[in-house]
Every structure is written in C-alpha cells, then in structure tokens.
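In the two complexes below, chain A is the common chain; its partner is chain B in one and chain C in the other.
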Partner chain A sequence: MAGGLSLYAEGTSLLHRAHPLTKGVLTLSAIALAFIAPSLWWVVGILVVLLALVTAAGVLRRFFAVALAILLPITLLLLAVQGFANPLNRTVVFALGPIVYYREGLAFAALAALRIACLVSATFLFSFTTRPADIAEALMQRGLSPRMGYVVQSALQIIPQTLEMAGRIQDAQRARGLETQGSLPRRARAYLPLMLPLVLSSLVATQERAMALEVRGFGLKVKRIARYEFFDSTLQRALRWALALAVPGAIVARVAGWR
Partner chain B sequence: MTASSTKDQEGMTLGVLNAFRFRLNTLAIVLIPVCIAIDWAGHALASTLKLPLFLDSIGTVLGGLLAGPWVGGLAGLITNFISSGTVDPIAAPYSIISLAIGIAAGIGGYYGWHKTWPGRIALYILIVLVASIGSTPLNVNLYGGQSGVAFGDTVVYAPLVKAGWPTWLAAYLDELSGDLPDKLITVVVAVLIYFGLPNRYRALFSVWRRPSGEPEPAPAS
Partner chain C sequence: MPEIRLEDVRFAYPGGVDVYPEPGLTLALGDGVTALVGENGAGKTTLTKLLIGLLRPRAGSVTVQGEDVAKATVAAMARIVGYSFQNPDDQLFERTVRAEVSFGPRVLRKPVAEVERGVAWALEACGLKGREEVHPHDLGLSERKWVAIASALAGEPQVVVLDEPTLGQDYPSRERLRSLVAQLADMGRTVLVVTHDMDFVGEACSSTVVLSEGAVRYAGPTAAAFADRDLVDEAGIEPPHVTSLARRLGLGDAVSERAFLAALGR
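Our next item is the complex of A and B:
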C-alpha cells in the first residue's frame, strides 16, 4: 500500500488481528508508563513485556534489524556524555589521565536509554502489525475528518514517489555537471539545484490532483460510510480502558511516593 | 452564501470569491501531503549529500508561507507522525515542535515577512526560537539534556556541564547549536523556492489570507 515506506509485515498473530485502536492505546500507554516509572527495573519490566509482544507477533528478527540501528548510536552517545558530564557525578568508575568516568552518570544514561528503547519498541510493535491504511480508516470511523484521513493516506503514497523523483533529478543534474561529492561547501552548494526542481514539479501536480478530487465529491459535506468495519470485542474495549487508565494511575502512584 | 443583495457587483465578487475559496480549501488540503513529501525529500537529499544538518522542515515552512498556519502546522505534525512510525520513533515527541514551526511560518507568511529583508530575518529568528525553546524541555526529559546530535552533545553540552553550568542552560545551547544553522538553511531554501514558484501558483494558494474587503497584501518581489 505505502510502497517502500511502511514497516508493516503480513501476519496472522493476535496483534495483527487486534483493532488498530487497541494497539494504538497499548503503544501510547507503554511509552507513557516507561517515562513515569521511577526506577531501572520497572522500565526493564516494561521493555521485557514489549519484547514478548514483538516475539508473539512474529517480527522479532525484523524488529532487531531496525531498532538496533536507531538505539545503538543514541545509547553510546548517552553513555559517553552522561558518564563524563552529569551534575550528579560523585563515584569514579575509572580514570584515564584527565578523563574520569562516573557511576551516577552511567546509571542515568542507562535509565534514559532503556526508556528510549521502550519508546522505540512500542512504536515499532504498532507499525509492524498495523497496515498504515488501517490507522487512518480506524480513526475516521471514530470521527477523524475524512480530509485528514486523505492527507495521511496520500502523504504515505506521495513520499516514496517524491524520493524516487529526487533520485532521478540527482542523476539528471549530475549528468549536467553538478558536483555532489567533495568538500562540505561544494556539497552544500549542490543542495538547492537538487531541491528546487523537485519542489516545483511536485507542487505543480497539486492543482490537477485537487481538481480530480473535487470532481469526485471530495469537498461535499455528506456523511461517509466505511467500506469495512474492524473487528472489535468487549475484551478489547476493556483492555483499551485499562491501559488508558493505567497512565493516570501511575502518575497518582508516583505522586503518592512510588519509588 | 446568497448573492441576492441589491449591490449586484459586490454580490457577484463575493460569490465568485466564495466558490474560489471552496476550491482552494481542497487545494490547501492537497498541498499538505506535498509539503510532507518535501520535508522528507529535503532530509533525504541532505543525507545523500552528507550535510551535517536535518533540513527536515523545508516543506513545513514553505507550506506555512504559501497557505497559512494550518497547512504548515499540519504538514509538520504529520511529517513527524509518519517518520516516527517508520524510520525514527524518537521523532514522535517532537511532533509538537514541528506543528509550532509550521504555525510560526504561517503567521510570518500572513504578514508577508518573507517579502522584505527585516521580515526574513524576523522569520528566521522566530523559527529558531520556537524550535530551540520547544525542544529543550523534551531533550531534558528524553536524553537528560543532550540533544541526541553528536556534535552538540560532545562539543557544547559536555564541556559546559563539566564547567558547572546549569543543565537546562547547557541543554538549551546544545539544541541552539543545531537549530541555528539548520533553520537558517531551511528558511533560506523555503523563501528561495517560494520566489521560484510561478506567480500563478503563489496566487492560487495565497487567497486564504484575503478576507473579503481587505486590501491585497504587498505584491511579491
């Protein structure tokens, strides 16, 4: 549907079949809870649950390939910077001449990195098991304006097309002698000659698209009927409420002294 | 709107304007996905050229300048939603900043800031302030104050915190060190593209800002 952009992997697991809203609530609550939870082990617990769900959805291998590419650099950066420079730093772990590494910064970085790992896992759990078209469809059935639904769906289709066009323009400009390699100022100078034709050609297409939509009744103020309904159940509805209420519950617990 | 007033001339103009605005409404909606795609392409081109900047809000700023705060804001918001669902989940919390950047550009566009030099500088400063002030609290919560960009974190943040500066100030300067060059190029490219557009298209999109009776804004260039 969305070409090269979507991460969706076909599957028949429980998560694939769940209502998109249930998965959406699960993702948002898991992220919120990871940032509300007070200590390292709570966050590890949430991460373990999320990874179990990723495994249950049968996308663990693909998940690791994508998630590690994001998590590894940011984790290393956090460990490096916080270990050396954190206002809480007291206890020395090791010292190499003038460079001193501290334990408090290390703990701080580990907690931050684990929370980010929860954010990434929860989001990918959603993207791997939900067709992008279904998200917009489910939201429209719950009252999202069909115009916004169009914007999301159409963006998902236009982005790969535009990126493809960017590649073509790059080849064309290079054939005309544009330098896209070399020193930084030289590469920076190449930015505009690549960007301008791309934007102009994609903007020029909008008027036609708008007319085509108008002719098909896009602007009409009528009630839209869904092409298909998503399977929903009392259990899922209860689960959604429980997950959504867990967030304010956790905040109250934190205020009341959850350590 | 009924054009049954005795002032035939005015009624006609109003009716035509309304029909036009209606169609433009669809045009503005169609513009949003295009701006989102421009955001993506800007970032992709910056990566292929190995430029040390994000440049992922050119479409947002251009959308704001062309068609107002709602088009710009929505383009920014949905750009971040889509990228957080596909390539970079960490972008999700920053959606709100992209929304604010689009709205800021839209307000600048409404007043025609992109048409004069002092205005362009004001637009740049406004967008840098919105981005840096908005992102700093998110950086503090996500990364303990780092910006997640290796340059700012190692060259700005770490030495300042080491030297005893308060973390929030170091975090702000860290974020600013990335936003100052990034948003400069973003605004320059967006304004250049704006003036590179055929006049016809600019006029098409910019009808939104002219409520009936208000004089035409300063002509472009």
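Our next item is the complex of A and C:
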C-alpha cells in the first residue's frame, strides 16, 4: 500500500526490520509502564529511550512535526489548569496579584504531560516503522484466524481510507462549485453534503470488498502459506518476553510499595 | 486573447518527480474544440486539474478566461470551467442522476429557471432522458461517464474540460459526443478534450495539443498534427485510421472523413 494511506515511512533501520510483534509489544509495554511508573524520573527515562529509538529509526523530523502539534497544546493546557486549580495545591511557586501558581499542580501536570508524551511517541514510533498490512500478517502467522486478521487490518485502514474517500468526494463537489475552503461557517455548510455520500460509498466499498474476498477464496477452510517471513531472532523473542513481563512486574512492585 | 493560458507551469505530486520538466509548461489555447493527446502518464490529467485549481502549480501561472486560477477557489473556478473527471467514480456522489447533474448549478445558486434549463439541456445532450431517477452506481461505465459529462455541462460553463470522455464508448456514443462538442463550439464555448481516440480527434477537434513526457510537442491545427511521424511515434499516438488510408492512397494527410472525401474528389 502506498505511503500516502498510512503514517508508515519507508526505511531500513533496525526498527523497520524488527518483527512487528516485537514493535507491538514494545509500544504497548512502554505505554503501560509510563502510566504505572510512580515518579517523574522513571517516566522521563522511558521517554528518553523512546526518543532515542525514534532517532535511531531516522524519523525524528517527521516525529517532531506531528508530535509537537499534538503535545504542545496539551502540555500548555495541563500546566495552566493544574498549576492554578489542582485541589491539592498548597505550595506557592509564584503569584501575580490574586493569581497564584502552585507546585503540586505543576508536578501533577508535568507527570501527566510526560506520560502522554510517552503514549504519543510510542504510538508514532510504531506507526512510522511498521507497514499496516504487516501487523495483521504477523498476527495471522502467530495463529490468529484470517477472519480476525482481516478485522484487524480493516480497523487499521478505516481512518486513512475514509480520509481518502472524503478527499475525493470533496474534490468532486468543489469542482462543481461547492465552497469547501475558507471560513468556518462555510466549511461547516460543506460538511453535510459530504457526510451522506461518504457513508454510502463506505457501505458500497465494504460490499464490494466482501465480494472480492469471497471470489479469492477467503471463506475456504484450507491451510494457508505465509506471504513472507518476518525477521525474528532469539534476542527479539527474549526482548518481547522481558517487556511483556515487565508490565505485571511493575504492577506488583507498585502494590508492594514502589514509590 | 487566448481562453486558457499556462506559463512556465511546474508541478510535482507529493513524493514524485516533476511532471513538467524545465522550464515548465507554456501553452495558450483559443476557443473551439481542442484535443489534448499524449502517452499514458504524459501529464494530461494533471494539466486539466491545474485549470480548475484542484491541483496548484509549484511555479508559473494559469489563467482561464482572464481569471488567475491561483487567486480563486476551486468552487469559484467552477463557475467558468465545467470539469468531468477521467474516472467517473471520482466524480459521482449523489443518489440519482438528476440530483447528480443538478448539483453544480444548485450549489452555484443559479436562478431556478436557469438550473432547469441547464439540467434539461445536459440530460438531453448526453442521452440521459428517462434515466433521471436511476442511481448512478447502477449504470454501466459508459453511462456513468455520460452522467459525469452532463454534470460538467449543466451549469452552462464557458469553458468545458472533459478528461477522456471517449473511454469505453461505443460508436453511437462517440457520434453523440462528436455532435455535443460541435454544438458547444457553435455556442461559443471553449472545449478541451483529453482522449486517446485519434479518430475522434480527427473528426471532432479543430486544434490539437500533443503532450509527451510533460512537454508540449505540438500545438496547432489538427490537420497538421500527425504530419511529423517521429513525433507521433514518440508521443505514443497513432494517426487516425483515415489518415493512414489517405497516405497509402497517396491522398495526403486527411484527418477526417470529410477531408478524405474532398481529397478523393479532387
């Protein structure tokens, strides 16, 4: 599938070549650990590792473009709201007349923002280095039924495909004189004529895909041969287990009093 | 003043190479019916999309009827340019043929009488009378193509751009298309037709532009477009059948039946 339909960026880095499962486990574990870890510095540590991996994958610039657009507003909002209005606020950092900024809120906001940064980085790291089609393929090689594999695959493609379809419909409508650019009310008015055809074409596309799958023998109960093998190794397997086990480990540690 | 003018136009798709190499595309088109021909990937569709603003040039300027396309929205250009897409499925989105064809004039807020006149004329000219209530999706490719053409015409635009209207059309359909573009030219409209059907070019188009690998290789009267055999080969086109026949009979380069018969009678 073309790059335009997903975030995937063609590359040859170690991460690009790693088994999709390894990257999947890495992503999910990193996110889980960031939210389980009790203190700021642990989360900073996870974020540093993720950013190092983003750099190693050679997608740092792409990452910054997307991540900043998401993270900057969230962080600023958290810092403002929590610093001024967190119910735990006691210790004053600074005061501008009647407006007082507190330390407890600042700490809470920083931790939350860093966790969200981990979530976003891990997700983008995965999306930038993994072809969407490979995810379902890797899962099916691990015994997931083709039917479920197809569900996974479609779910991953719903957003890019719908966006593409919406773009096509809007081009057709603009070319006929419907203003879709410009002021907010104008764009809002263009929204309604877009939605109906979008839903209908999605239904038609689904029906056509179902027929295409049927004629290619999707429903047959036969043994399947893998399209290609992913690069896997003992090291990757060990890494996957370690990362996967780290999550319950961290939970147990938290319960046992890790602060 | 030319109706359509492109000056040093450069364009590249995201992640792709330049469609029009140095120094860019320069072209001036007058009124009447002009054919735009050239091999697959020559840059024909890209050129037509630049005319209505669906694609924006990286450099250079595009003017249609004196209007600078860079300064107008696509929707504003739609008042001047009626555009039918190469693939009708990229264009059709309504639930009935009538709704589809009347969408343009309706959103352009033309007076009701004008909308009705334009729609009726377009349906008639495109052979869609009696098909008004059908869902476009239930029509065959050739009829979907006609719905797309009718949609481009219903707003009564001064400039009509048709991307491969001859695709998948049988003989009566092509005859209808020929009389349609002739009618448009008689009404003083400017028509640009992208096509791979050289017989159609010879019969229906007074001027021809040959595009090859993003460069204009010929722009002028159709009668002289097929004279340079090397150029014809390079651009991946073949002369109309009647031209090949005329040459074999030593009757010159007639591009249409009429010219052929005239040469024969001499």
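Please note the rule applied: the second predicted complex is superposed on the first by the 209 of 259 C-alpha atoms of A that agree within 3 Å, B and C clash if a C-alpha of one lies under 4 Å from a C-alpha of the other, contacts with A are read in each partner's own complex, and residues count from 1 in each chain.
The rule is simple: a residue touches a chain if its C-beta (ideal position, glycine included) is under 8 Å from a C-beta of that chain, and two chains touch if they have at least 3 such contacts.
None of the values given here were measured: they were computed from a predicted structure.
Once the two complexes are laid over each other on the shared chain, residue contacts for A:Ile158 go to chain B alone; chain C is not touched. Residue contacts after overlaying the shared chain place A:Val204 against chain B and chain C alike. Contacts of A:Ala166 after superposition: chain B is touched, whereas chain C is not reached. Of the two partner chains placed by superposition, only chain B is touched by A:Phe35; chain C is not. Residue contacts after overlaying the shared chain place A:Pro185 against neither chain B nor chain C.
Shared-chain residue A:Pro98: touches no atom of chain B or chain C. Which of chain B and chain C touches more residues of chain A: that partner is B. Look at A:Tyr150: by the touch rule set out above, it reaches chain B but stays clear of chain C. Residues 180, 200, 204 of chain A contact both chain B in one complex and chain C in the other.
Only residues 3-4, 168-169, 171-182, 193, 197, 200-201, 204 of chain A touch chain C when the two sit together in their complex.
Touching chain B in their complex are the following residues of chain A: 5-7, 31, 35, 70, 73-74, 77-78, 80-82, 84-87, 108-109, 112, 115-116, 119-120, 122-124, 126-127, 132, 147-148, 150-152, 154-156, 158-159, 161-163, 165-166, 170, 180, 184, 187-188, 190-192, 194-196, 198-200, 202-207, 209-210, 213-214, 218-219.
Chain contact summary for the complex, chain C toward chain A: residues 14-15, 52, 54, 73-75, 78-79, 83, 85, 90-95, 103-105, 107-108, 137, 151, 155. On the chain B side of its complex with chain A, the touching residues are 22-23, 25-27, 29-34, 36-38, 40-42, 44-46, 48-52, 55, 58-59, 62, 74, 78, 81-82, 84-86, 88-90, 92, 141-144, 146, 148, 150, 153-154, 157-159, 161-162, 167, 185, 189, 192-193, 196-198, 201, 204.
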